């Protein structure tokens, strides 16, 4: 296998993952059960997340060509006519390029469109800054009436897909590559606006989202060997945010590290800071993510290493946080 | 109002007399003046240019059900140029989609009838608008839904001619013919004016029909104030099951019906009639008149000094 | 005068304001001095901010019709060819509709485009949610390499216009109606990344931006009569943010109220919270702005009253903040 | 490389022989294979379809200055379909815009030559790209700047045919003719394929020339692999001072030059040559060959199992 494969492998939808379902397979299955589900995919109807559905229900798939904004508004029209459209978008061209269509045609109108914003964060970083999706948490969280979720593995993706299916308003799914390794043994039960707990903590809590939760979990395991107990919360809901869990973490562990594949200005870290400061929670906070500057362009793994978005990088951040004051 | 009862189905191309429709359009203009008087602000000239189009659509062309704005088989109507919503309100009230006394609250804080259409507050609004350029795409979604549901409703979308500057309109134009949406009808209100000036001097859009034709539509021009021409264009629309979307380029006058608005339509893009203006404008006998003094205000161009 | 006038009066550019310059007049004057300044205005070349310039330098004004995204990228092309383009946009259709063009064509490329995003906040609220511009602080602050400023009166607008003129990267101006009453006697001297101080405080500090600083200043004056000393900081820079001033306010007054015409999720309040939480500053924070929900549609003044965005509303928030714990 | 010295001005339509240009395009393809081998990943088929166009532009048509990528009077070149940037790198190196040894770092962390063009890292890149649909607008800005500066440079923009789906392209198409930009040349790489499938089956764009003509351009088709046809089209461009922008619709093959890519261009939208593929592909004698094993990988369609 050439090294290129790590960069772009995107099997979600193509195959069962670890014996469980992939997003694409799950979407197709939902489509079997529910004739009101349709797929809109701008030049992406052949992409794995859409392809199984497309093979089984071709009449319910609308590729709109490379016209992301149109795809969004077409989906809104379908939603206004009784359908639940899933719009597959590339992370770099979803929230950033179509924020207005999301705000005006879906959120203002409170229509049940689901945006599958895949290849987010640095998944496509090799292609240049134009392909970085590191502003989308900030953008989507600012839109009133939009639900924002971020699955971290195929199992949490399924859980979110199913549990939000009948939510009356729009839902934005921030998906990394979609074929992250399995993190949850079974399909976790998710509740609206709640994080998932992956690890109990005492000394500090890591709140991470998407790909980052994998590194966070690995970091917590590494530290456990040294007798350091780090709580790990998977921020599968980015909006509404789990304020109770954040405040509880602040109260119980006193120290919080957030980790995300997003600009540190405006992402999960900022959202957590917001909750802490407004509630006068005196916890120490460290925000880890991509610096608010021009990012390098390279393969994701190289950039993760460069920016310390790795288990080792997180361990280091935790050590600094534990030493603070 | 129209002698109809709740739940009567109003068939397509019903036999409304051209003369009655012509008078209806005039009444609509007067009702608009009243509504804007009440609100103290509104888009006169953009609404006046589509008075005949709206009247024919709602009183003759579209299949609707009296009092049932959510009837699944109704023809859909989208107002891409949402700033002309005030022209819809009297027509929707007439359909018993909401109580007529809502009209008097138009534009007030918390009122259901707003300056732009809001599908969440106004029964009968098939989709919200306000940002130009989205609604033809939305219409595609509705037309696709019709096909999936094997319903034969049509989706009509009125676009401003300035709205054609938006690229999303061309994404949608491309998609509508690609998807073979014979059940989609775009009506361009070619009133020759956008906010800053004449549409084509700001950014040329001509030949409008030629552009839509190149994008795979059946497109042709009509006189958008000629009731007979409008009736003919709408009565002869291809069957919704056909595969080519239709674009009707309605040549209109921005401000039609009020001489000083026709002369300086840009000034009347947004405003309200001041006392001097009011004296010159046509009035309904029953019109309550505005409580606002001053002269017309224009948003984009400049603020009057008076 | 009919009441409609408050809603839409937009004289900036048309006339001298209070004997000083308006934005439009200032832009025209800059255009006289600097042949490298051009104006791009999508169906807005007749709007006051652009009109004086257009009258004097018609060959340097490019109306692009109602095509906001194209206007942004055209401006980027002009900037790459040696010009300093000022793109006039309506607040609701600038950051929200053109975020990708800003990120990719101006910020990634570090080109000196200036976006005059006017009629922001609730200025056009009467026209519906589609015309609300209450997500733009969140969006623009998440874009690396973008400078974000918010003049609060014609004098601060001039100061910002002039002082950023030779900044090498893009600058986003968040402007309300552009003809706010005068707040600064003369043209204040502004420094990159620094707030302006309007009032000294002891008991609490208000940090407000744009229109809100007017109400904040009035509120502080009202409270002064009762012997309550409230510091007032005008957040004319939203990015880079004045972290030093925020921390100093936290240190000196212990209580901070932020006020803005923006969604409380992701705006100035969130940015201030971010600074406080990351720095472990224990100040009490109260965030005042538009609730993160579907807003009512009405004239700005009605909405301001409804949402407590008034001097009285701010006084009330301050009282609650002073009582806290 | 080309027997030229630093600061030599390379005139427009210089006398490069068609046969030499044909060979040049073939060499460019081989250089691209080498570059992608080195990087381990790249866009073959999208770049192969424009090999002749790029070669004629850089070796004959555009006015340039050897070694001076910022020369104010140079013709500008924008690659709307930025994913074909790898095809630019050998040509820009040949112009001494940067040291030739940069080529060996293509695609590496921190290297100036990237998968998509970045004007901040690569001298000779007139504008960055990556998001389809922006660069025709950017080209308008450059063409307007030329007019303001009274320079007679031309701005060339290569667009993908799938890129024409983006509405911003039509906003720009409208604006270019409106602004009478005779100094702007759009070249559509009509290779018939976007990422998911055939361009027009995914979303119809035909008639391409007809659509541009309706938007006010002088538009015509050529065979985009026929050097003589390309030369003729470029040599006879109207004077930049004229008022109508030119659109050349180049009919090309996605993957041109490598039989198995021509047959399944979509699979080769993005990938790298595995050992079996490499044996079948044309090679440069000097080619170092890839260190990567495995078979070609495709991004959008599916991941091979081998």
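Letters are used for the chains, namely A, B, C and D, taken in the order the chains are written, and counting of residues starts over at 1 for each.
Everything below uses one rule, namely that a residue touches a chain if its C-beta (ideal position, glycine included) is under 8 Å from a C-beta of that chain, and two chains touch if they have at least 3 such contacts.
Bear in mind that the values here come from a model prediction, so they are computed numbers and not experimental data.
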Distance-maximising chain from chain C - centres being C-alpha averages: D
CA centroid of chain B to CA centroid of chain D, Å: 44
Centre-to-centre distance between chain B and chain A (centres being mean Cα positions), rounded to whole Å: 41
Between chain C and chain B, distance of the C-alpha-averaged centres to the nearest whole Å: 35
Shared-contact residues (touching 2 or more other chains) in chain C: 64-65, 67, 69-70, 93, 97, 100, 104, 108, 110, 128-130
Junction residues of chain B, two or more chains touched: 118, 128, 130-131, 165-168, 171, 174-175, 178, 203
Touch-based graph of the chains, sorted into line, ring, star, complete or other: complete
List of chain D residues in touch with chain A within their complex: 40-41, 82-83, 107-110, 114-116, 118, 128-133, 162-163, 165-167, 194-197, 199, 202-203, 266, 270-272, 274, 290, 292-294, 297, 299-303
Touching residues (chain side chain C, partner chain D) in the complex: 38, 59-60, 62, 64-65, 67, 69-70, 72-83, 85, 100-101, 104-105, 108-110
Residue numbers on chain B that touch chain A, as the complex places them: 118-120, 126-128, 130-131, 134-135, 137-146, 148-149, 168, 171-172, 174-175, 178-179
Chain A contact footprint on chain C (complex, rising order): 93, 95-97, 99-100, 103-104, 108, 110, 128-130, 134-135, 137-139, 141-145, 239, 263, 265-267, 269-274, 276-278, 280, 282-287, 291-295, 324-325
Residue ranges of chain D touching chain B (in the complex, touch as defined): 165-171, 174-175, 177-178, 203-205, 207, 210-211, 213-216
